[in-house]
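Before we start, here is the structure in question, set down as C-alpha cells.
Going in written order, the chains are labelled A, B, C, D, E and F, and every chain counts its residues from 1.
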Amino acid sequence: MPAGRVATVTPVSEEAATGKVATIFADIKSTKNIVFVPNLWRVLATNPDHLELVWTRLKAIMHPEAAGRVAKLEPMTREIIALAVSATNGCEYCVNSHTAALRKLGMDVETLGEVLAVVGLFNSTNALADAYQIEPDILPPVE
Amino acid sequence: MPAGRVATVTPVSEEAATGKVATIFADIKSTKNIVFVPNLWRVLATNPDHLELVWTRLKAIMHPEAAGRVAKLEPMTREIIALAVSATNGCEYCVNSHTAALRKLGMDVETLGEVLAVVGLFNSTNALADAYQIEPDILPPVE
Amino acid sequence: MPAGRVATVTPVSEEAATGKVATIFADIKSTKNIVFVPNLWRVLATNPDHLELVWTRLKAIMHPEAAGRVAKLEPMTREIIALAVSATNGCEYCVNSHTAALRKLGMDVETLGEVLAVVGLFNSTNALADAYQIEPDILPPVE
Amino acid sequence: MPAGRVATVTPVSEEAATGKVATIFADIKSTKNIVFVPNLWRVLATNPDHLELVWTRLKAIMHPEAAGRVAKLEPMTREIIALAVSATNGCEYCVNSHTAALRKLGMDVETLGEVLAVVGLFNSTNALADAYQIEPDILPPVE
Amino acid sequence: MPAGRVATVTPVSEEAATGKVATIFADIKSTKNIVFVPNLWRVLATNPDHLELVWTRLKAIMHPEAAGRVAKLEPMTREIIALAVSATNGCEYCVNSHTAALRKLGMDVETLGEVLAVVGLFNSTNALADAYQIEPDILPPVE
Amino acid sequence: MPAGRVATVTPVSEEAATGKVATIFADIKSTKNIVFVPNLWRVLATNPDHLELVWTRLKAIMHPEAAGRVAKLEPMTREIIALAVSATNGCEYCVNSHTAALRKLGMDVETLGEVLAVVGLFNSTNALADAYQIEPDILPPVE
C-alpha cells in the first residue's frame, strides 16, 4: 500500500534541540499555548537561522500582543486570511494547520463553509478576469 | 509606447444590453449600490447564461441579505478573503476591485498593510511547507 | 507509517442526509448516473447552502441537458478542460475525479497522454512568457 | 501616465536573425501560416538553443501533421486546452495568443464564454477540494 | 486507514518496455547513472511519443554534456532552480526528486535551508507586489 | 489608450519619509548601493511595521554580509532563485526587479535564457507529475 507524505529532511526533535533552537521551541510552545512543537518548526530547525527568521516574523504578525504591539485585526480574521491563502495555494500542511486553528478559536463547520464559499467564488472570478484580461474599472489609488 | 491590457472580447455596453443581460445589469447596480456596471460583468455578458450563473452565485455569497439569507461573516471579512485570494493568484483586475471595496467599507491603508502582511507571511510558509513536504501535525477532523 | 490525506471536516454520509442535502444527493446520483455520492459533495454538505450553490452551478455547466439547455461543447471537451485546469492547479482530488470521468467517456491512456502533453507544454510557455514579460502581439479584441 | 509591459530582453527582429534563428523563424511562419514572427519566439531567440528546444517541442505537439504524425486531438481542442491552462496561470501573453488562435479557428464569443465557464467552475472546485483536503473517491488506475 | 497517492495510469514497468520506450529507459538510466527508471518516465511511457519529447528536452537542458553542448550553469545551480520551481508549485513528486538530486550532489540540510529561505522570501514578496499592483521601477531592457 | 498598472495605494516618497521609514529607506539605499528607493519599499511604507518586518528579513537573507553572517550561497545563485520563483508565480514587478539584478551582477542574455530554460522545463514536468499524480520514487529523507 502506498504511504503518505514524509518530510524531505529529518525534523529536529524537541529532545535533540539545543541552544537557539531549544529557546525558539520553548517560545513557540509558550506563545501559542500548545504542548508540542509543530512539524513546520521542527523541520525549519535544520537551519537554525532560518527558523529564527520565520518564527520572529510569524510571531510579530500573528501574535502581536507577545511583541507588545496592538493589532488592527482580530485573531479569527488573521486565521481566516491564512486559510484563504493556503486553500488557494493548495498547501496540505497549511490547510490542516489553519483549519485546526479556526476550530480551536470556535468556528463551526457551517461558518467554515461560508469562508470557503468566498474562497471558492473568487478563485473562479480570478480565473475569469485573467481569462478575459479584463481592464480595471477605476485607476487606483482611491484616496 | 506600449499599451496596457485590453479585454480579449468587446464588453457589452449598458446601452446595448437587452433582455436577460439588461435585467442583470440593473440588479448589479442596485444590489451593489453603484452607478455603473463593472467591466467583469460587461465582459461576461458576451455569454448571457454564464453572466447569470456567475452573478447569481456572487450575489448569494457576497450579498446574502439581498437573497434573504443571514450571513455568518461580516461584509468586511468577505472582502478581506476576496483580496487574500486575489493577491495570492496575482489577479490584477481582482486586486484593484477588492482593494477599492475595502477602502469603500472604510479600511485605511495601515490596516490594509496588516491584512497583506498576513497574506505575504502565509504565501511564504505555504511554499516552505510544500518545499519540505511537511507532514500534517494532527489528523483532522477535530470534532 | 504515515497516512494519506483526511478531509478537515467529517463528510455527511448518505444515510445521515436529510432535507435539502438529501434532495441534492439524490439529484447528484441521478444526474451523473452514479451509485454513490462523491466525497466532494459529502464534504460541501456540511454547509447545505454552499452545497446547493456549487451543485446548481456545476449542473448547469457540466450537465446542461438536465437543465434543458443546448451546450456548444461536447462532454468530452468539458472534461478535458476540467483536467487541464486541475493538473495546472495540482489538485489531487480533482485530477483523480476528472481522469476517471475521461476514462469512463472512453478516452484511452495514449490520448490522455496527448491531452497532458498540451497541458505540460503550455505550463512551460506560460512560465517563459511571464519570465520575460513578453508583450502581446496583437491588441484584442479581434472581431 | 504609466506604460504597459515591456519584455526584459530586446527581442531579436526578423531582419537581424541569422543562421539557426533565421531558419526557425522561417519555419514558424510557414508552419503556422502567419506573416510575422510572434514576440514569444523573438524573445526566445536571445538564446538560440532554447528557441530550438521550445519550437521543436511545440511544433511536434501543436502541429503534428508538419512532423508527419497523426494526432488524436483536433486543433480546436488543443487550443482550448492551451487557453484553459493560460487562464488558470493568469498568463497575459498566452491568454491573448490562444484566444486569438481560437477566434481564427472560428470560435465565437458565446462558445468562448462556455469554455471559460468550465475553466472558472473548476478553478473554484479545485480550491474547495484543496481547502477541505478531500480524499479521492476511487483509487486509480481505473483500467 | 487512508492510502497515499497512486498514479492515475499504470506505469510501464522496465520489463514490459519494448521498442522506443525500452531505448529511452536505457538512455535515462545511462545518462543519469541510476539503476532504476523513475516513476515519472514510467508513467509518461503510456504515450511513447510524449515520453520521447519530454526526455529529449530534459536531456538537452539538464544533461547538456550528453548532447555535446557546453552549459553555462553548474549542475547544482540547475537543480536549485528545479527545486525553487517545484516548491513554488507545490509539486510533491518534483520536490522529492529534486531534493534527492541536490543531496546526491552533496548539498547539506543547512544549505538546503538557505535555498528554501530564498524561495520562501520571494513567494512572500511576490504576493505583496501583486497585492499592491506595484509598478516596475525601471523600464527594461537594461542593455 | 489603456494605461498600465498603478499601485493600489500611494507610495511614500523619499521626501515624505520620517522616523522609522526614513531610517529604513536610508538603510535600503546603503545596503543595496542604489540611489533611489524601489517602489516595493515605498508602497510597504504605508504600514511602517510591515516595512520593517519585510526589510529585516530580506536583508538577513539577501544581504547576509550586512548582518555579519557568512552565507552558503553566492549572490548570483540567490538572485537566480528569486527569478525562478517570480517567473513561476508570474509576478511582473518581481520578474523585472530580479532580471535587472542579474544583469547588474553580469549575467548575459544567453545565460539568462539557460536559467529560464530550466524554469520552463520544470514548470512543465511539475504539471505532468501533478496531472498523473505520480508517486515519489524514494521515501525521503536520504541521510
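Everything below uses one rule, namely that contacts are C-beta pairs under 8 Å (C-beta built on N, C-alpha and C of every residue); 3 or more make two chains touch, one makes a residue touch a chain.
Fair warning: this is a prediction, and the values are worked out from it, not measured in the lab.
**Q** Steps needed, at minimum, to get from chain C to chain D via touching chains?
**A** Graph distance in the chain contact network comes out at 1.
**Q** Would you mind naming the chains that touch chain B and likewise touch chain C?
**A** A, D, E, F
**Q** For the two copies chain C and chain E, what is the rotation angle that overlays their Cα atoms, in steps of 5 degrees?
**A** The best-fit rotation has an angle of 120 degrees.
**Q** Report same or different for the chain A and chain F interface, where same means the shared residue numbers exceed half of all residue numbers found there.
**A** Comparing the two copies, chain A and chain F contact each other through largely the same residue numbers, since over half are shared.
**Q** Quick one: report the Å distance separating chain D from chain E, using the average Cα coordinate of each chain.
**A** So the centre of chain D lies 21 Å away from the centre of chain E.
**Q** Taking the mean of the C-alpha atoms as each chain's centre, how many Å separate chain B from chain E?
**A** 34
**Q** Find the geometric centre of each of chain A and chain E from their Cα atoms only, then give the gap between the two centres in Å, rounded to an integer.
**A** 27
**Q** Among the residues of chain F, pick out those that touch two or more other chains and give their numbers.
**A** 2-9, 44, 49, 53-54, 57, 61, 85-86, 88-92, 95-96, 99-100, 109-110, 114, 116-117, 119-121, 123-128, 130, 132-133, 135, 140, 143
**Q** Using the touch definition from the top, list the residues of chain B that touch chain E in their complex.
**A** Within the complex, chain B contacts chain E at residues 83, 86-88, 90, 92, 95-96, 116, 119-121, 123-128, 130-133.
**Q** What residues on chain F touch chain B, complex-wise?
**A** The touching residues are 1-5, 8-9, 44, 46-47, 49-50, 53-54, 85, 89-91, 140.
**Q** Under the touch definition given earlier, write down the residues of chain A that touch chain C in their complex.
**A** Touching chain C: residues 2-6, 90, 92, 95-96, 99-100, 109-110, 112-114, 116-117, 120, 127, 133 of chain A.
**Q** Residue numbers of chain E touching chain F in their complex, please.
**A** Listed in rising order, the residues are 4-9, 36, 38-40, 43-44, 54, 57-58, 61-62, 71-73, 77-78, 80-82, 84-86, 88-89, 91-94, 96-100, 103-104, 109-111, 114-115, 117-119, 121-130, 132-138, 140, 142-143.
**Q** Taking the complex as given, what residues does chain E use to touch chain D?
**A** It is residues 2-3, 6-10, 49, 53, 57, 60-61, 69, 135, 139-141, 143 of chain E that touch chain D.
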